[in-house]
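Going in written order, the chains are labelled A, B and C, and every chain counts its residues from 1.
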Amino acid sequence: MVETLLEMALLELAEKLLFTIANGVVWALITALVALGLSFIFGLMGIVNVAHGELYTLGAVLTWYSLTRLGSFWLGIALAPLAVGALGSVLERFAIRPVEGRPAYTVIVTVGIAFVIQQAVLATFGGWPQVMPDPMPIVVHFAGVRYPAYRIFVAAVSVLALMGLWSFLHKTSLGLSIRAAMQDRDMASAMGIPVSSIYVITFSLGAALAALGGALAAPIVQLHYLMGLDILCLAFIVVIIGGLGSLKGTFVTSLIICPLENVLSLFITPTEARVVSFVVMATVLLLRPRGLFGTIVR
Amino acid sequence: MEATTKLTTLAALPLMLLLLVMGVALPADLRSLTIDIMIFSIYAMAFDLLFGISNQLSIGQAMFFGVGAYGVLLPALRMGVGLWAAMLMALTLCLTLALVLGPLAVRLSEAYFVIITIIFGMIFYFLAMSWTWLTGGSDGLTFEVPPITLGFISYSVYDPIANYYFTLTFFIIVYFILKRIMDSPLGMILVSIRESEERTKFLGYDVVRYKLTAYVISAIFTGLSGALYAIRCRYASAEYFSIFISVEPIIWTLIGGAGTLVGPIVGVALLTPIAYYISALWKHYLIIVGLIMVLIFRFSPKGIMGYIVSKIRRW
Amino acid sequence: MSKLILETIGLTKTFGRLVAVDNVNLRVREGELRGIIGPNGAGKTTLLNLIIGALKPTSGKIFFYGRDITGLKPHVISQMGIATTFQLTNIFQGMTVMENVWISVQSRSKMRWNPFIKAGGLTDVSRKVEEICKLVGLEDKMDEIAMSLSYGDQRLLEIAIALGSDPILLLLDEPITGVSPKEAEEILKVVQKLSQAKTIVLIEHNVDAVLRIAKVVTVLNEGRVIAEGSPYEVSSNEEVQRVYLGAG
């Protein structure tokens, strides 16, 4: 009798743990979408995009508008990345390009962009958090674990997007040009690769990825005009641990840090779990300043 | 650099006299605005040493501002410590924090430094928001400010005039200390690090130590401004740690002119009243702040003081 | 024979598969004006970067007056008395000529941490700055902003900055590459003048100039030393001729 009780308790704990880890992996994939854009933009252009969190916010908020005004959540997931990607190309061309090559200036410009977006969202969306209904209210039973179908959908879409990004970078000539420009910008320019259009495309792609992350996350998080700050902080931690500019590093690190934070959150507050990630980051920086997978010493 | 030095010495004395007179001459609301301007100026000057002089762009200085504020508030509130002791504790706390986090940050490149300071700032903000038992969260904590004791005399900061001169004293002290540092070999070396870090290293300077020195000094004065602000408001909240507080000195410094010490004061004196009046009329005035940050480099990369200095040089 | 000042033993640096510096044994004696030449990509600048601590060698050792300095930090090596100029002009662009040299001279002053003195108020430092500017011929341009100088003058300022730290060993990385012939002559004159008081290692692309003023010349090719000796010996060496003819 005692044994079965213990077994049941253990089983419950195991189930809870599994559920938490699964959530962590889903969250890691969303984080990877956001952080990859950040890492990508830095790797190519040397720009620390502080407005990246706000592009994520925009993705989420636009999806919310699509649901409440147009009546379709799915349309939002499709359109939000496109709209934010277009916005990204405008931002790169008209706001960031004029100060290119001056790291401090570009950071300040992106902080300005972040403020404008934040306040614009506050003015239209309002200051109160909103929660979205689950667009796929089905629960999947898998190996004795019950899991919401929407989160599986999020994982699938994220994996598809990441694979798409990978094949874009490795199999298309445009992707090849981007990687060449990341390696050596002057050389790429000398070889006739139009570096300035590549910059627009990269920034726009990074913005679209962030927005896709936001759109996918919209039904599983609280929508708030400052929601970008939290993901920006997490994405920065991930990118530093993985190595700025290293796409592989960013991806692998997300898959480690996010489930770790989720599991820790069973015992301590999420903020304290974030502090643990921060300590991991600090340790990595001390022992290996270029990050786990970084090649560039920064 | 020469032109700036002459200009500031020329302008400093009359300005100090003016500030002395203003304490009694101004009506209450303007006096209180001037107190804010002086407190924020200390913050802005501390930021200028870090960003304008040694080109270390930190977007996490709110961390020191908040720690300075709570560093005064908590000992006074929970332990009944006197004002001077509480302020000393606040500054010691900032010094310790800078000595722990600084070495991690200052050896990094420009881009990494920005990122890690953003993370510092956010972690402290999230912690301050979630540890409501300590900070009171976004509602904050109010406290009774202990009197300012000077030997046998003591003043209460609840007397606005006493508070004015209390703040003014610190404003003047900080100005002269930072001016002195900027004119000293240390200041010159920091400028040379800004101009070419590599070259300075190969001249035999331990660049990391100098950058850390700038970081620590800046942290202490930022903490002081936070402490003075908590004293002036008799209140502190987790919002003191927010990214807005970290971004404000960037705007002040850019508008006024980075690396000039006086410029950031000009920036504060210009923007603080505007922020007061516009934010009362239109609550999204931060959009304007954002637009300024996006556009300033195109119109005035050197700020107001930078413009004046370049005019004087041409004479 | 005079004392050995700089010695490298089996110095090697690889970048991935590329061997930039390959088992280099260099021995420079006090008072020498050593020239190091070699075609593009011969490893000259990498060798210099190893000596000043900008790069860490893959293997091998570097000795300065018999003391192992391999892997020390750049600022420590600089404080021991090795100064360098850079191939890509590396001066404090926004500061005046005087301030540029001042920073360098100050690096050897004990007063550099004292915040209560004025930077301009140190008379012995100012005197030294003036002396150095005179030595390289920039005394009339001391108040000019560095970036407004002509390219040749920027190269001279580069040398002045290196001199400010009062080095025992002065390394010059391509000081005359890219300047006009007239300016090059001026710079070479300064180098010759300096060589009376200091040990100098002159790395140059311009072979004729080095053969004219150096006493001992080392020739690098593909990271290896292929010849060493007097300018006459080196220029009559067959392998050297082949390398230079081959390289055009």
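Basically, contacts are C-beta pairs under 8 Å (C-beta built on N, C-alpha and C of every residue); 3 or more make two chains touch, one makes a residue touch a chain.
Computed from a prediction, not measured in an experiment: that's the story for all the values here.
Enquirer: Given the contact rule stated at the top, which pair of chains has the most C-beta pairs in contact?
Expert: After tallying contacts for each pair, the winner is A-B.
Enquirer: Closest chain to the protein CA centroid?
Expert: B
Enquirer: Provide the C-alpha centroid distance between subunit A and subunit C, rounded to the nearest whole angstrom.
Expert: Measuring from centre to centre gives 48 Å for this pair.
Enquirer: Between subunit B and subunit C, what is the separation of their C-alpha centroids in Å?
Expert: 42
Enquirer: How many Å are there between the centre of subunit A and the centre of subunit B, using C-alpha atoms for each centre?
Expert: That gives a centre separation of 33 Å.
Enquirer: Where in subunit A do residues touch at least two different other chains?
Expert: none
Enquirer: Any chance you could list the residues of subunit C touching two or more other chains?
Expert: Counting only residues that touch two or more other chains, subunit C contributes none.
Enquirer: With touch defined as at the start, can you tell me which subunit C residues reach subunit B in the complex?
Expert: 52, 54, 73-75, 78-79, 83-84, 86, 90-95, 99, 102-104, 106-109, 111-120, 122, 161, 164-165
Enquirer: Write out the stretch or stretches of subunit A touching subunit B in their complex.
Expert: By the definition above, subunit A touches subunit B via 42, 46, 48, 50, 95, 98-99, 102-105, 107-109, 111-116, 118-120, 122-123, 229-230, 232-233, 236-237, 239-240, 244, 269, 271-272, 274-275, 278, 281-282, 285-286, 289, 298.
Enquirer: Could you pull out which subunit B residues touch subunit A in their complex?
Expert: Result: residues 51, 55, 57, 59, 104, 107-112, 114-116, 118-119, 122-123, 126-127, 129-130, 243, 247, 250, 254, 284, 286-287, 289-298, 301 of subunit B touch subunit A.
Enquirer: Per the contact definition, I'd like the list of subunit B residues that touch subunit C in the complex.
Expert: Residue positions touching the partner: 1, 180-181, 183-189, 191-192, 195-196, 198-207.
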